[in-house]
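Both of the next two complexes hold chain A, though its partner changes from chain B to chain C.
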Partner chain A sequence: MAQSTGDQHSTVEQQAELETGFPGGVVPPEQGNQPPTKAVEGSSTWSLIDRIGLAFCWFLGLLFCAIAAAIVIYLLIQGIQYLKLDQLTTPAASGFTEGETGGFSDAFIGTLILGVAVGLWHGLWVWLVEYGRPRPLARMTELTIEAIAGIPSIVLALFGTVIFTSTALGFLSRTSEGVVFGRSFFAASSMLALEALPLVVASTREGLNAIPRHVREASYAVGKTKAATTRRILLPTARPQIATGGMLGLGRIIGDTAIILVLLGATQNFAPVEGAPFPLDYLRGAGTSLTNFVYEASPTGNLNQPEKAYAAAFVLLMLVLALNAGTDLVHRRAKRVGTWSH
Partner chain B sequence: MESLSAPPPIRRLDPQDPTPAQEAAPATGTNFVAAKRSIAAPQFSIRRMEVDKVSIHYGAKEAVKSVSLPIRQGEVLSLIGPSGCGKTTLLRSLNRLTELTAAAKLTGSIRLDDVDIRLIEPTLLRRRVTMVFQQPNPFPMSIFDNIAYVLREQGSRRVKKKPLEPQVHSALQRAGLFEEVKDNLKHPALRLSGGQQQRLCIARALAAEPEVLLLDEPCSALDPQSTAVIEDLIVKLRDDVAVVIVTHNLQQAYRIADHVAFMYLGDLVEYNSATRLFNSPTQERTREYVSGAFG
Partner chain C sequence: MEEEFQPEYGPRWSDQRVEWMLGALVLAMVALLLALIVTVFVNGWPSFAHNGLSWFGPGGNVDDQLSEISQSAETGAGYVYTFHAWPLIWSTILICGGAVVLSLFTALFISVFLIEFAPTWMSNILRPVVRFLASVPSVIYGLLGVLVLVPFIGNHLITEEQKSSVAGIISLTGYSLMAAVLILTVMIAPLMVSIFTDALASVKAGWLEGSLALGVNRWRTIWKIGVRAARPAIVAGTVLALARAIGESVMLAMISGSTAFAPNPADGLIFIYEPSRPLAPTIVKSIDQLSSPPAKATLFAIAAFLLFSAAMFSLVGWATRRAMSRYGAP
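== the complex of A and B ==
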């Protein structure tokens, strides 16, 4: 468009002609020995505003790529530099030198516990959504879930405090002389589950709705019950979307700090409740997670050992990337199985 | 769960008995359908289902109006008619699939081997009256598992693959698919061609050992060659199961059906043997429809 860019009234054909050098923008099939040029739609035939939009999209896209790459590369370099494997196996301890303060095994395991616990909660929620009967109750559940999507996690954390410090729920956390602490893996994971729930429910619903009705009916038409159809046809088919939702949800709870601080107690180590049977003593006790450890180890935290913060952040990043890779695997396997024409 | 009376007697057809068999087209009749009937006359006929004054309402709309029909093993019954005439609704009510879409209300009675189907538990009924749909819809699992899913108890995976093999193979054989897929039974079913997928769906429907097989426009998404294969298959199956097929394709109905029911706006306009209905329809509407005047 070297000449006459100011000509606002040139038609699309005229512009295409300028583009290709042939009348009407139509490239003749064969010109002597020249191989035929392929006629393509070029953005230079677009209006100015469209072209500005396109440039803006490219700019933002590349900017985001650059930011993401910078974060990952920076953390990779810093993390690998400071990460020692024994940090994953030794708990934090009090001390004055870096060697004395130990690693962050409790925080690491704490994050894993939260992930598993939230997964279990979600089983319950998905079940509620699929079998939501009677209808008005199901609709109300849906509305509630949509409402939860907009609540900041610190509000959920405060709400959780109110619930889990009630005397009736004392068995879910530590009690001392009638006072309920309300800080435990039970309390934190239930509120984290609530936080991640909208993401999981939305993509699960999307996955289930994408299955054509006649496929469900085909299962009913060979005498299968709704339960059997859900378990063997619907959920396996929606697996990629459920995995995506789970990944988004887990990513969100792994990164959450407010609920950890308020409802998990954000201690340096596990504080199991004495006298309770094995898994329950830890689940009823307070604990910590990697995000909290990163906060504590950062220059603003009590620990103030940025190297360990980098190492822990690196582990956190690896967890999220592993989740991504897992989801990708589920998607690729589903693609191999194929789908219906509609 | 066998709440059945004695099976109805088999009626061997006398070659002279003209009722359900194919008759020569009357000399006066005009053959409206340019298709060849390649199938032989049925050898026998057993009454399996009886549709008795059935009306189906969707709210205020009456989709099917007091329809009565016999469904016989040994014959292919074809339901024809323009879109929205209630033929698919009628077909889906035969195994109580209409009940899944809430508002449908059925009056009259449908009997399977002289038992009202409302007295038969739906999952049991749907194993005795199975269905194949318009769109090929194999489940997203292997070819083998598609059949095995039907054979196993509800959602269970408990019966191992080995003991199920003979049943899976025979179902695939009955659907004429076994030779093509026997070496890759572990392949995903959704990777088969459209025609093969539809035959897999027929195999799946046959695996439940049904008495009646319902087909809802099974060839409308397929190419002519796959259609021909499936039509041959349907005719072959008529001795083992009563076959009811809904079709938009008049030629297809003429090629494979022994009896044809023409429905229009919920009414059963005419029910007759295929040759009679196409060659010398008694109703004006049927004549117009099969000659392409409307629909």
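== the complex of A and C ==
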């Protein structure tokens, strides 16, 4: 630097020295007309409280990562330790050795029935976005969906007990001497489908709303009806979002316990109804699921076998992780293909 | 493909017919919701009718009341409905309120971090982590709580003096308010984070840039402009998380302890180690008594209360959101 010649210059010089010497020192923020770079901002305008806040942000972010890692690693260790392959294939027996066969078949069957229901829910949003004609009805539907999203699942389960123990619906579960049992795969999966509805619907709506207006107009212009446009153009275009919604709903269903506990559980085995044709006897009977098994095998449940609970929880967590990965894949592909990006 | 060969004047998927079909589906949906509300309230009415306003008030031991109610169906001496739910309601308020306050705090900081400050590698890790935490089933949280957190609290955090000081009233084993609040926070905070980050990301860039151009640093800008503009979404996310927390039953049934005890904050800090049981787990715990009519009425009354409060929260959230979004929020 040039030698100082006057008072004015020397103060500037000192200031510069101060600045280089103490990057965190007290420097007025107005440093001429250069654009605010990160270095300037990071050193001078951040007060102590701001810095503590940012450090707290980092701490919380790392804490979240640590919690997630702890859950996965802990269950991985415990799961591999206690999980035996024969637990996945042998049914639960009364007595000392309890397996968990029910889990997969249950999730699978519930999923199949859900598949039908998911189709119906998609129909709901198609109507809402594409038709929605008497406006009040459309508003009411939106409110209904929001309301269902807010209903606690245990309330849905209680509602299910009322519906499915009525004599009119006795054919959906076990009946003995006129008393309807009310616990069956039919009962549980229909209430679970209701629980998954808001997720599915929101995702489909997002997909349909993202399709620009001119696509519809082009289809109408060549003489297609609204129904044909929806079926041939809009639904195929929104397919990734529809798939995402379905998978989100599936994740919710796999993880739910309250409804299964009330509408399906009470046993760790399949209890098919005698005398019914093949798929129906299982669907009408009570059963179990992984979540139910974990609940019952935990120290607060009836079985109290923590090792088995760890093994089942591990399998459950793997299912959830696989579903997450699948959702991610679909979502990413949808973004990459991204036909209607704006 | 087959539709191409249909004559033009009679398509199989006629527009009118499709609209009616879908409309009927929608009406069925609305009807189902109405049926749900009516069913829950009608079934729960006997319990409300017999107790009046004292249903919500304190008095007596809730567990004893519940077992008397369920046994009264067998004795034949008339149904007993006496039920004072205050300990359960108080426990719900403490656990859900605590968890929502904690997770609002946590979620705000994490979403600000994700949107504004996290380097790319960090946000690439943190986003999947948040999604993962949101999708872990509640039984797994419950299991880990019961087998890891509860023993830890019972063995290491609660001192012997504390245990003996309340020995005559309640036994402190680790099933506690604290365990319930902590795990519930981990469960609902990711939900809030995902809503908050969406909202913060959609704040108009011009507003933030305007603040930065005035020389305000990034930290203050994101809090004073970004978070403030995203307030409607923050209210919405909080309300949603609150509704989820109130309805959470299985995890809390496993962790919060199975006695209907009302921890009293006036007793000092020890109250966070005391067990309690909120409303929703009570339904899970006594679901086997559903065959006795008075117990059924009581459980449905609890469910009606849950439904009503969830609906009220949604309503309040909706009204607040509307009032706030008048001032040009995203």
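By definition in this document, the second predicted complex is superposed on the first by the 218 of 342 C-alpha atoms of A that agree within 3 Å, B and C clash if a C-alpha of one lies under 4 Å from a C-alpha of the other, contacts with A are read in each partner's own complex, and residues count from 1 in each chain.
We take it that contacts are C-beta pairs under 8 Å (C-beta built on N, C-alpha and C of every residue); 3 or more make two chains touch, one makes a residue touch a chain.
For clarity, every value in this text was computed on a predicted model and none was experimentally measured.
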>> Can you tell me whether chain B or chain C touches more residues on chain A?
In response: C
>> A:A210 in the overlay: touching chain B, chain C, both, or neither? Say first, second, both or neither.
In response: neither
>> Just checking: does A:I52 make contact with chain B only, chain C only, both, or neither of them? Give me first, second, both or neither.
In response: neither
>> According to the stated criteria, A:R231 is in contact with first (chain B), second (chain C), both, or neither; which is it?
In response: both
>> With both complexes superposed on chain A, which partner does A:T161 reach: first (chain B), second (chain C), both or neither?
In response: second
>> With both complexes overlaid on chain A, does A:Y220 touch chain B (first), chain C (second), both or neither?
In response: first
>> One more residue to check, A:A322. First (chain B), second (chain C), both or neither?
In response: neither
> What part of chain A is shared between its chain B contacts and its chain C contacts?
Replying inline: 225, 227-228, 231-232
>> Using the touch definition from the top, list the residues of chain C that touch chain A in their complex.
In response: 3, 11, 13-15, 17-19, 21-23, 25-27, 29-30, 32-33, 36, 39-40, 43, 106, 109-110, 112-114, 117-118, 122, 125-126, 128-133, 135-140, 142-144, 146-148, 186, 189, 212, 215-220, 240, 243, 246-250, 253-254, 258, 280, 283-284, 287, 290, 299-300, 303, 306-307, 310-311, 313-314
> Once bound in the complex, which stretches of chain A touch chain C?
Replying inline: 29-30, 36, 41, 45-46, 50, 53-54, 56-58, 60-61, 64-65, 67-68, 71, 74-75, 120, 123-124, 126-128, 131, 133, 137, 140-141, 144, 146-156, 158-159, 161-163, 194, 225-228, 230-232, 251, 254-258, 261-262, 291, 294-295, 298-300, 306, 309-310, 313, 316-317, 320-321, 323-324, 328
> Which residues of chain A touch chain B in the complex?
Replying inline: 212, 214-215, 217-225, 227-228, 231-233, 236-237, 334, 336-342
>> Going by the contact rule set out above, which residues of chain B touch chain A in the complex?
In response: 95, 97, 100, 123-127, 130-131, 133-137, 139-141, 149-150, 154-155, 188, 190-191, 194, 201, 204-205, 207-208, 214, 221
